[in-house]
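Okay, structure first, notes after.
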Amino acid sequence: MLRSHRRLLSAGAASLLVLGIAACGGTTKDSADNSGAAAQTGASADPNAKLKEGLKIAFLPKQLNNPYTDVEVGGGKVAAGELKGEYKLVGPNDASASSQVSYINTLIQQQQDVIGIAANDPNAVCPSLNQARQAGIKIVAFDSDASKDCRDVFINQATTQGIGESLVKMASELAGGSGEIAILSATPNATNQNAWIEVMKTELAKPENAKLKLVKTAYGNDDDQKSFQEAQGLLQSYPNLKVIVSPTTVGIAAASRYVSSSNYKGKVAITGLGLPNQMREYVKDGTVKKFALWNPADIGYLAAYAGAALASGQISGQQGEKFKAGKLGEYTVGAAGEIVLGPPTEFTAENIDQFNF
Amino acid sequence: MSDLARGGKQKDNAVLEVRRRLATWDSIIVLLTVFVLVVASFSVTNFGTSRNFTFMILDLLPIVLVALPMTFIIVTGEIDLSVASTLGLASSIMGYLWNQGLSIESIIPICVVVGAVLGAINGFLVTGLGLPSLAVTIGTLALYRGLAFVVLGDGAVADFPFTYTGWVTGTIGDGPVPNVLVLILVLAAIFGVILHATPFGRSLFAIGANAQAAHFSGIRVARTKFWLYVVSGAVAGLVGVLWTLRYSSARADNGAGLELAVVAAVLLGGVSIFGGKGSLPGVLAGVVLLAALQNALRLQDVSGQALNIVTGALLVLSVLLPNIATSIRTTWQRRKLRRAATV
Amino acid sequence: MTATPGPSRPGPAKLEVRDVTKSFGAVAAVQGVSFPLYAGEAHALVGENGAGKSTIVKMLAGVHRPDTGTLAVDGAEVEFAGPADAKAAGIAVIYQEPTLFPDLSVAENIAMGNQPLTRLRQIDRKAMHANAARLFTRLGVHIDPDRPARGLSIADQQLVEIAKALSSEARVLIMDEPTAALSGVEVDRLFAVTRALRDEGAAIMFISHRFEEITALCQRVTIMRDGRHVCTEPVADLSVDDMIRRMVGRDLSALFPKQDTEIGETVLEVEGLGREGVFRDVSFTVRAGEIVALAGLVGAGRSEVMQAVFGVDRYDTGSVRFLGKPLKAGSPRAAMAAGMALVPEDRRQQGLVMDLSIERNVTLPRSRALARLGLLFGAAERREATSWTSQLQTKLGRLSDPVGTLSGGNQQKVVLAKWLATDPKLLIVDEPTRGIDVGTKAEVHRLMSSLAARGLAVVMVSSELPEVLGMADRIIVLREGHVAARLTRAEATEENVMYAAMGQQVTT
Amino acid sequence: MTATATAPRHLLSGLVKVRELGIILALVLLVGYTAASNPRFLSGQSIRDILLNTAILAVMAAGQAVVVITRNIDLSVGSVLGLSAFTVATMMSDNPGLPMVVAILVGLAVGGAAGVLNGVLVRYGRVPALVVTLGTLYMFRGVTYSWAGGQQVNADELPRHFLTFANDAVLGIPWLVLIALVVVGGVALLMRNYRVGRELYAMGSSPQAAELAGIKVARNLLGAFILSGALAGLAGVLFAARFGTVDAAAGTGLELNVVAAVVVGGVAVFGGSGTVWGAGLGALLLTVIGSSLTVLDINQFWQQAIVGALIILAICADRLVAVRIARSLRKKDSHV
């Protein structure tokens, strides 16, 4: 009885192996031809083309239930209104790499004109994004980039260099120029956090920051509870810690909340990138002296305008192309299709009440 | 009895037989699935397109493959909740080995074997030590997922060769039929034949309905269950490979939560959670029904949140409705008996 | 022993069964049965296995609800929605199979539902323990009230059950074969306690297969046959023979035909078989054409021995040889391949897969042989099933119906068909006629006899003495896991089998 | 007689205690090792953090233990926590004047209602608990998501007295910890010393015998699920107060930790045995492991693997103990 079953099973297994091996003999990481579906480039742009109306602009953020995301796409909604386009927001409940793919597929089916995406994994979304581009949809990555060869432009909130430098500057000021600092980041493979941390490390290696010591980089996975507990862990493990730098809105809020309710309050400074509305309480109660952020609504706003410019043929994603983005003024496409929003704003007890997002 | 009368009676029997067959949950689910597909094709814009068909097949690929051995396991009255974690660990190992410079042709069989070994651990704990499969596989669910993170951390390995990633996401001759559909059909046919037309398949139902009687009939209950877990693990390992290739991304969290979708689909397909009952066509219909509902609702811009409610409700209803039907039938029979007695 | 005379005129019935009917699927377990139980009286309920006694018990206990008919307590009609209601009405039941909570302590098992409480409504553990200890003293047994029920011997479990029933101070005490696993001393103690209860005004319903117990304890007896009420009369008015005749409904001798056959070569040799705590040093041989009966009390280890021989259970010592070759231990598959078949004791749990169809059940052990190229097609199974069910004259609707829809007798025929289809050289039948109607019983006996005549070796485990005496060429009596006596057909009488089984000397 | 009667009792109580002693021993070793390498692990703040983190898990584990003792399971607790946390947080941010008691009562009520649904489906729908609570795991979470959408209730929207509740202490013990102690202690007392508790054990030990014994199985089972739901609801309130930020994903995946705590704490998945205190200890052990890994700077990814290995170890140990007991009892019987 079992024997016949095994026979069938092994036959099945063998045929699978054949399927696998027949394709080619011995593909390794080094020999891999990794071109993917070649992205179509070289489309010609007409800088004077009129912006089309009635464009279907869809936003696909990392996940839906995130206040930062809400503010970002909120800006996109405003822009879509100004452009007389159709705005749509879809997204997964969790920030997992694969869950975005189904949504991209749905958007392809719905024949959107522009997809604005904050990629959870730069590569996992790539095949689907390329299918979308083959279907004539323009892809604008924002916040967190997708692979260069599967999107048209990327809206960068600030230059990586600029953010890294300003994070180190704030940390140094708060630490008084010397002492232990730690980083509480999002996930270990978060594209932009990692880039910023790299810059921070280079900055810290410079002689003027020699007395600042980065003791650990912890990861709160952009999960409130996890970040909260990681902050606890940092303070337990490093009693002499002077500053926690958290380049993510979830992390900085969680760390601030923990410190404000513990006896570390006043001894440890928190800084990083945060939303004024979430941080107001901790700035007012003195836990947080200063933190920074660009205006997230502007990212979505700019993404929508960039998408409209792409769909109308004003730009094609080539370096040097220019387009107007409503109230934000004129932008130029940089190297590798990057469009930089501008420098971040620093928030302190003095100015925080002027901001509402 | 005259020939005529016999013919009439046979016809009656045939009608009864057809009605009885149609009244089983798995045929209801098949009909329901066809109904949903037809209605959605006509009423949901873009549902009936060939491209959407391709997407749907790709979306249901991991669920349907894992559901095949899961059906066997649930038919024998056990469960394997660790499949999604096995998938994740296989994916992690795939990424790790790829970074180590191994060729993809050797990685794929390794991942399948790793899956089989993980399944064998489940099988040993359940059959060798006699532990309850629910508790064991909740434990290995956490363990395997944890190991997946240990192997690859939170990072992702992405640069898999296009020859393979393209095959998984591609279609036959760039037509509407996805390559993986062939794989699904072949495996489903193999599992279907084994379950419904081999002595081994017969023994699975006997084990699930009454393990003791199966043992008394010379069926090697423990050994059979052990091998089912091995197969379940191996398939989960294979799906880990396919998942990784489909998303060009080996990650430790790949497939998290998939076990719930698989169990939901299997139960929805009419397999009894107590074992002993179920059919593979029913399960396939269950998988397609869930995938089609999700796809159609998403195209209608119904949020993923509402999909959760639908999935959960379907899962409960798939067991609840047959129960209600049975109890209505018994009450009715009792009434009839009482009436007959009082007359 | 003599019957203790009870009060002459018992007054109104404490509990009354009025024209009650109960069916399970197609099987009518009880049909139109009525009888009263009086306070201060012990009432015996007798009948063959499957006569419907346990169904009556379960209706009185509130487990089953009668399809038609009613129950009355103190003259008022009652409807029990569940066992809680029956309990509230003062009915305590000792079931045939113990129903203890293995994880809880013995004292808790006894007190469950009416534990003594402290002022804060907490459980008074000291009182609970003392209560259990007091009951055990009354029953004269030594069981630690604080040990968990898990691991108690069958006899001890039965004693805890009895203590449980006593503790509830019930007005009606129903005992379904409480003595089956007890030793003589324990039975005497139980009877003493029961008599005391009876004399305090409780109504007792007593079910037993041992007539001497009935005459010793009961004043009145109700006899059932095939789910129907035969009669209710004072015990003193009936002789044991009368009772048996009314239970069986015909003369015993006609029931059990064993044709004389030529005894062939040795088929099975069991040598020094033992399993820790279950049986020890069991040896016997069975030859072709012979029917060997394993007799003994419930729990004597008869089924366990045969299950170890067939390989569904393990054995620790000894050996089994089949047709001269050693048989692999612990492998039913090897036993089947060698030509052995086992029709097990418990049809519902061991013999059949109730939810599967009749044809699947019949062909289950043979499915590998029926497969072509590893594949099974319905037609081959259906042919096989049709052939065997019709040979055994099984009454069924469709072969695709679940086997659970058949009556007990027809189910038993399906089990027999299932194993005869494997063309065995040795057929082990364990309680082959338990719970089946008289007509089918005779058919089964005729079948066994003709199989033996065709040269099959048969081992029959049976608790029914007449069956053992009528069918067997040789009788092996087991007591407490070892062979207590070996008797030929000529030597065997009801008395010497029974005495050997109970470990007493013949003192007539 | 006395000799044979009392000997196995000591043996048994010994074996049973081994189970909880094992957890305590593991705790002591773990804490000792961690403290040796980083003494700050035993600082007041650190201990307070561990206890606060344990509290929520322990409250849920107490309810889960009751359900598992009846030979059922409640996988929906994580989703119930999310639903309750979001309900209460929304309510408190809309009506900042409401006292804490109201928040707690609303949390209990939300969870209790979820428990009623689970219990009714299990008992009257005759759907296995695994299926029911797997289904309601999806459904409750879906309801929370549909309701919350992308919203999040932030700490600054919640009234101060609600947030400080998590950290305020009575006699140096934070409220959260106090509540957890009361819950675990209360449920443990109920299960040990009251009729209904013993009936729940009986139901798990032998469902058929429980029916025959006239135990009100339906009422008790419903009660067990309501308790588990209500405690998950209470945990939701505590969660909202402690973390201040609540979104629809609160408590996702927590059911795994709760089941792990219960199983590691010695409650057998076959039902009928184990204690609520054990489940509480299990919750403490899991939390301490998490904290230790962070402090010892061990890759945090090991944590989940260790939890899984612990679950398996625990059920293996239970099986071993059961086999031992059975063997020793059989030996005892064969001597008599």
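All chains are identified by letter, namely A, B, C and D, in their written order; residue positions are counted from 1 within each chain.
Convention: contacts are C-beta pairs under 8 Å (C-beta built on N, C-alpha and C of every residue); 3 or more make two chains touch, one makes a residue touch a chain.
If you want to know which protein each chain is, UniProt gives these names: A = Rhamnose ABC transporter substrate-binding protein; B = Autoinducer 2 import system permease protein LsrD; C = Ribose import ATP-binding protein RbsA; D = Autoinducer 2 import system permease protein LsrC.
None of these values were measured; they are calculated from a predicted model.
J.: Indicate the lowest number of steps between chain B and chain D, counting one step per move to a touching chain.
T.: 1
J.: Comparing the two chain pairs, does A-D have more C-beta contacts than A-B, or is it the other way round?
T.: So, comparing the two chain pairs, more contacts are at A-B.
J.: If we define chain centres by averaging CA atoms, which chain lands farthest from chain D? Would you check?
T.: C
J.: Just give me the whole-number Å value for how far the CA centre of chain A lies from that of chain D.
T.: Spacing between the chain centres: roughly 37 Å.
J.: Based only on mean CA positions, could you tell me how far chain A sits from chain C in angstrom?
T.: Computed from C-alpha means, the inter-chain centre distance equals 73 Å.
J.: Please compute the C-alpha centroid of chain B, do the same for chain C, then give the distance between them in whole Å.
T.: 42
J.: Where in chain C do residues touch two or more other chains at once?
T.: Counting only residues that touch two or more other chains, chain C contributes 367-368, 371, 374-375.
J.: Return the residues of chain D touching two or more other chains; collapse runs of consecutive numbers into ranges.
T.: If we look for residues of chain D contacting two or more partner chains, we find 145, 149, 248.
J.: Got the chain B residues that touch at least 2 other chains?
T.: 153-154, 193, 198-199, 203, 220, 304-305
J.: Please name which positions on chain A make contact with chain B in the complex.
T.: Residue positions touching the partner: 1-2, 4-5, 8-9, 12-13, 15-17, 19-21, 23-30, 32-37, 88, 90, 92-93, 96-98, 101-103, 105-106, 108-111, 121-124, 126-127, 187-189, 219, 221.
J.: So in the complex, which bits of chain C are touching chain D?
T.: 61-63, 82-88, 93, 95, 99-104, 108, 112-113, 115, 117, 121-123, 142-144, 146-148, 150-153, 156, 277
J.: In their complex, what parts of chain B are in touch with chain D?
T.: 79, 125, 129-132, 134-136, 138-147, 149-150, 153-154, 252, 260, 263-264, 267, 273-274, 303-316, 319-320, 323-324, 327
J.: Any idea which chain B residues touch chain A in the complex?
T.: It is residues 45-47, 49, 51-52, 55, 58-59, 98-99, 101-106, 108-109, 112, 153-156, 158-167, 169, 183, 186-187, 190, 193-194, 198-200, 203, 220, 223-224, 227, 231, 234, 238, 243, 246-249, 251, 253-256, 295, 298-299, 301, 304-305 of chain B that touch chain A.
J.: Write out the stretch or stretches of chain D touching chain C in their complex.
T.: Counting only chain D, the residues touching chain C are 1, 4-6, 8-9, 12, 193-195, 198-199, 201-202, 204-206, 208-216, 272-273, 322, 325-326, 329-330, 333-334, 336.
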